[in-house]
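Shared between the two complexes below is subunit A, which has subunit B as its partner in the first and subunit C in the second.
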Partner chain A sequence: MIVKRDKLTFWERLYLPALVGGFQVTWRHFSRTLFRGKAVTMEYPEQKWVVPPGYRGAPYLVKDQEDRTKCVSCQLCEFVCPPKAIRITPPGPTGAPGSGNVEKGPKEFEINMLRCIFCGFCQEVCPEEAIFLMKDYSLTGTNRQEMIYNKEKLLSLGGIHQDKIQKWKHKADEAKAQDVFPVPPAK
Partner chain B sequence: MSAPVATEPKPAPPAVETLKVKVDGLEIAVPKTMPDPLTGKPVPTTMIQACTLARTDVPHYCYHPKLPVAGNCRMCLVEFGTPAMGPDRKPVLNPDGTPKIAKSPRPAIACATPISPGMEIYTTTPGVKAMREGVLEFLLINHPLDCPICDQAGECKLQEYSVDYGQATSRFVEPKVHKPKQVDLGPRIVLDDERCILCTRCIRFTKDIAGDDALGIVNRGSYNTLSAYPGKAFDNNYTLNTVDLCPVGALTSKDFRFQMRVWFLKETKSVCTSCATGCNIVIGAREEKVYRYEPRENDAVNSSWMCDSGRLNYKWIGAENRLTEIRRQNPGAGGEKITWTTAAKEIADRLLAAKPGTVAIVASARQTNEELFLLSQLAKKLNALTDSVPRIQIGDKLLLSADRNPNSNGAKLTGIAPAQLGSNLRKIAEGIGKGTIKTLLVFGEDVTRHGIGADLLAKLDTLVASEILPNQTTKLAHYVLPGCAHAEKRGTFTNGKGRVQKFMKAVEPRGDARPEGEFLHELVAAVNGNPGFTSIEGLFNWMAREIPAFNGLTWGGLGDTGVTIVLPS
Partner chain C sequence: MHLPPLISLAAWLPDLGHDGNFALLSLIKIVGVVAVLLTMVAYAVLVERKVSAFIQDRVGPNRVALPLIGNIPVLGPFLTRLGIWQPIADGVKSFLKEDFTPNHVRKIYFWLAPAVTMIPAFLTVAVIPFGSNLNGEKMVLADLDVGILYTFGIVSLGVYGIVLAGYAANSKYPFLGGIRSSAQMISYEIAMGLSVIPVFMLVGNLNLSSVISYQADGNWIVFRQPIAFLVFLVAAFAETNRLPFDMPESETELVGGYNTEYSSMKFALFFMGEYANMITSSAMMVTLFWGGWTLPFGGFSEPATTLAGGLAHIGIFLGKVIVFMVFFIWVRWMLPRFRYDQLMDLGWRRFLPLTLANLFVTAVIMWLQAH
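Up next is the complex of A and B:
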């Protein structure tokens, strides 16, 4: 395809007026920033962008209002994670001692933040509402090892999630009302 | 396979009468009777068997082809019709001459209803779909939906059929009936009664197959609860088969409990090495770690079962103290790490320098046919005295063999072991004592525990020990060669009844360990100048040509379930 180019006018061919026009814009912003303090850019990292609700930042683990680690080590997120950033060590036969009818929790839970692409699949797949993409978008570290967040770190960054359903507590209460719990613990 | 392969003499199956039935419009001829899973006596063929032959899947929970029929779950309901009969007891015909089918007003359970001539079975009608949905909804009424913490998740029939016939939401608003959870049913089994769908597969297995009437259902209605007989432990040697049979996560294995989600496990076809039965198994492994064995169906060997002791005998594969270095040692004065090339060269030089008749080989009947064959080639060249160690214990009637070696027959057929395993061990010990035997190759055994003590080993000029785990013999050896577990290599065993079965590699060998066959191939090539075969296929086929009992076998021809040969009496 041939694109027909319009002929430049005399004024345009002079070239200098355009240069001056451009320089005027630069000058206008420069003086606005300098004398009237109206910057259009942000002084990152001193100033940080406040992300809108629903933003998908780094995934962290949460506890419920009763201080129970919500993750039960079902490993669905490990399976679904496209870049294989998640690595979970299941608890083995002892399960999660003291967790009552939940029976199970992760022995170790690692997310490699260098691999994570903040896709949110882990949050979406989690049947326990135990992992959420939060607002952190800029994670730094001085080496690769530091960027693999372990369970302790993920939980401390994730904080408390107000669980409205509390299904395990509900199940335990319902069973207690039927006089079945406490069950004989597995030996 | 064209070559005449000797198989066990089977009585020709009596000619079975066949019936013509239609499954979803597909007409097939089905035998009128099929053998009963327990007694083998012919019993009328059921609709579900006909559907299986027509390759039509009928969802089911309580039916299992290897167990007596119970017919309690109702998941297999199908609609059917039979040829209509006129008052004159003659089939009524359609205008086009085909027999008129009278559709039964009621459905029937496919697992327990015998077929009849001309029957038509419908598995895809809206009615059948609605029945499946209804049954499933009932099964889920009191189900705890523990999937995130349930070890069955991923291989659960309740999950699978829920995908096909389940509802997205529950219409049941009343509180669920709660039952005992985390019940310690036996030394190897955890029971979750809430997840149990009361199919009674476990009860039938343990009563009718394992012969231990330990389980039963107590209470009534929604309170039906599976339980062990009070005061009786569910601890026979076949309990873990109920975990495989249980279609849901009610019975789970303590050993595998919360170890790994099943969808991560890579499955490899293999053979159990704990006794001469050679049960076919599937090894579940993830990232070079073995997590479990499960039985694999082979009606010529183990049906669909395996014993608990064999199933749990895998931990040593991942043991911390595995031998991982090739070492040249000066017993008592330390040693050094060497390479496979150096080891092969030095050992070959020593063997070539040894006077014929001064070499002995103790191989293990836990080694593969191919490895034993290569060792027998060495022995032939060196005129060596050879044997392997017998392991006779008490067997049982079901699967466990008294011979705890997986390949005693392989050792005998390759000529490594005499007809009576272990009868040469004394001669070898005497030879070392008298000084006539100066070189000893030990593969996969600790000879100090089998009559060739440390004092005798100290007299040897050369002691080569190939082992998986360190022991007294490897400590005293001049050369230590790290070996592979069967899960780390390919090969074949010959079981107690002469079935040659192959197994595949599930995980990588540890450290520098290498399949024994590869190293032996190099050693044999260096000693007798015969380059042989590096690939397991070539090696097996070579062996099959050389050893009369194996004549006609090929690696490919073994298939997944093996071939039975005639054992020389």
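Up next is the complex of A and C:
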């Protein structure tokens, strides 16, 4: 393709308009940054980026409103995890005493944040809505061991999930209702 | 305030004789000039980084803090924001980095090239009068009668460092950088040399001190010879390899050009050489066209008789040099790079005839005035 180029006028060939234009642009930016503090730089440790909704940050475990671990050690996330960053130790046949109705809560749940690729498959695959990718994007540690987050750390970082369904609460109510005799007549 | 000359201050020293005193004073002056020059180089780099940051809407270096000074309230954080300590960190970094010599380079030239770039930049300062006099001592390292010839001779050597670096590196990008540098040199240097001839026709000799005394009382040559100044200015950009004529370096095309294979202190020498060259070019322009250490008002046009006056003259000179330095830096972030055929076209087909015409017209006018 041949690009047609206009012949430069004498005035343009003098190179002066380009100089003036260049100076105007650079001066505008210079004065705006220096005198009015309009630098676009975000000075990181002091100022932090606010992530948009839907951002896939670090995956953390959550508890429900009644302070129960939502995870039931089904290990789907462990199997789906592409880089194999998750390792779950199930509670075994004895179950996990003191975990309320959710007797299948994991004995240990580890995520290696150095392996994690923040793909969000764990969140997607979880049938219990127990793991979520949160907004943390700056995970730091001084050694590799420190970057393997255990259950307690994941739970404390994850906080409480405001669950609308509250599946286990309803299960408990239903179980209680079955203990009541005579069974109330169906409405 | 008139202090006794420095020679009598040193009276308690064993009598050095005339030559000894001259050597001692020259040594003191050399140490002073080199110290000021190196400091200016370091801080020119900082100014470059800050100005470029502001032009590009960034904040620039603002993190390096010294342990004690940084703790002073208000002042410490302010200086840190300014990046005042950044040159120290840069210098320490250059010394601590690994000085890597690739296996494929031509070792001798590889080691020689940074020095060959650096030395001419420093040698040129020797003939520039950077002040009138201090304690009765002329503020110029060597008051040569062939000042400008010396300068051009030395300045031309500077390009050998780059060509040598391009050859020594034994790889394609530095080689292209070296080729461009040599092509660039022959195209601007003739125009540069011809542009200053009218200046010396006006002054009558080649001594830079007499160029300055000719310009006393605001009779600055830039007003007599604006075309010569413009050509010299453009050629100075080409000589110092600054944008818009940084073809030997062109980071975007040649991954750094002639200095691609260099690291650590050798790279730092190239870097310092570039900035030292800018400073000497600025000093040359100030001396040749902008009155050197003189100012047309405030009684600064005659050589100083007092210590304060002498210091003021040095300050005026440095101030003018700094203005040019900022100009150099600003232009780098303002203009895109020329192609190197465009530079050669500019040098051979525009500036050469222009300077010749300028020379001729000046000669004719001077002849008419004389008759």
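Structure notes:
Note that the second predicted complex is superposed on the first by the 147 of 187 C-alpha atoms of A that agree within 3 Å, B and C clash if a C-alpha of one lies under 4 Å from a C-alpha of the other, contacts with A are read in each partner's own complex, and residues count from 1 in each chain.
Keep this in mind: a residue touches a chain if its C-beta (ideal position, glycine included) is under 8 Å from a C-beta of that chain, and two chains touch if they have at least 3 such contacts.
Treat the numbers as computed from the prediction; the structure is a model and nothing was measured.
With both structures placed on the common chain, the touch criterion links A:139 to neither subunit B nor subunit C. Shared-chain residue A:104: touches subunit B; no touch with subunit C. By the document's definition of touching, neither partner reaches A:157: not subunit B, not subunit C. Within the superposed three-chain arrangement, the count of touched residues of subunit A is higher for B, of the candidates subunit B and subunit C. Of the two partner chains, subunit B is the only one that A:90 touches; subunit C does not reach it.
Touch criterion not met for A:80: it reaches neither subunit B nor subunit C. Listed in rising order, the residues of subunit C touching subunit A in the complex are 51, 53-59, 330, 333-335.
Only residues 144, 147-149, 153, 175-184, 190, 254-255, 257-261, 263-264 of subunit B touch subunit A when the two sit together in their complex.
Interface of subunit A with subunit C (complex): residues 18-19, 22-23, 25-26, 29-30, 32-34, 38-41, 43. Taken together, the subunit A residues at the contact with subunit B in this complex read 72-76, 78-79, 90-95, 101-104, 127-128, 171, 174-175, 177-178, 180-181, 183-187.
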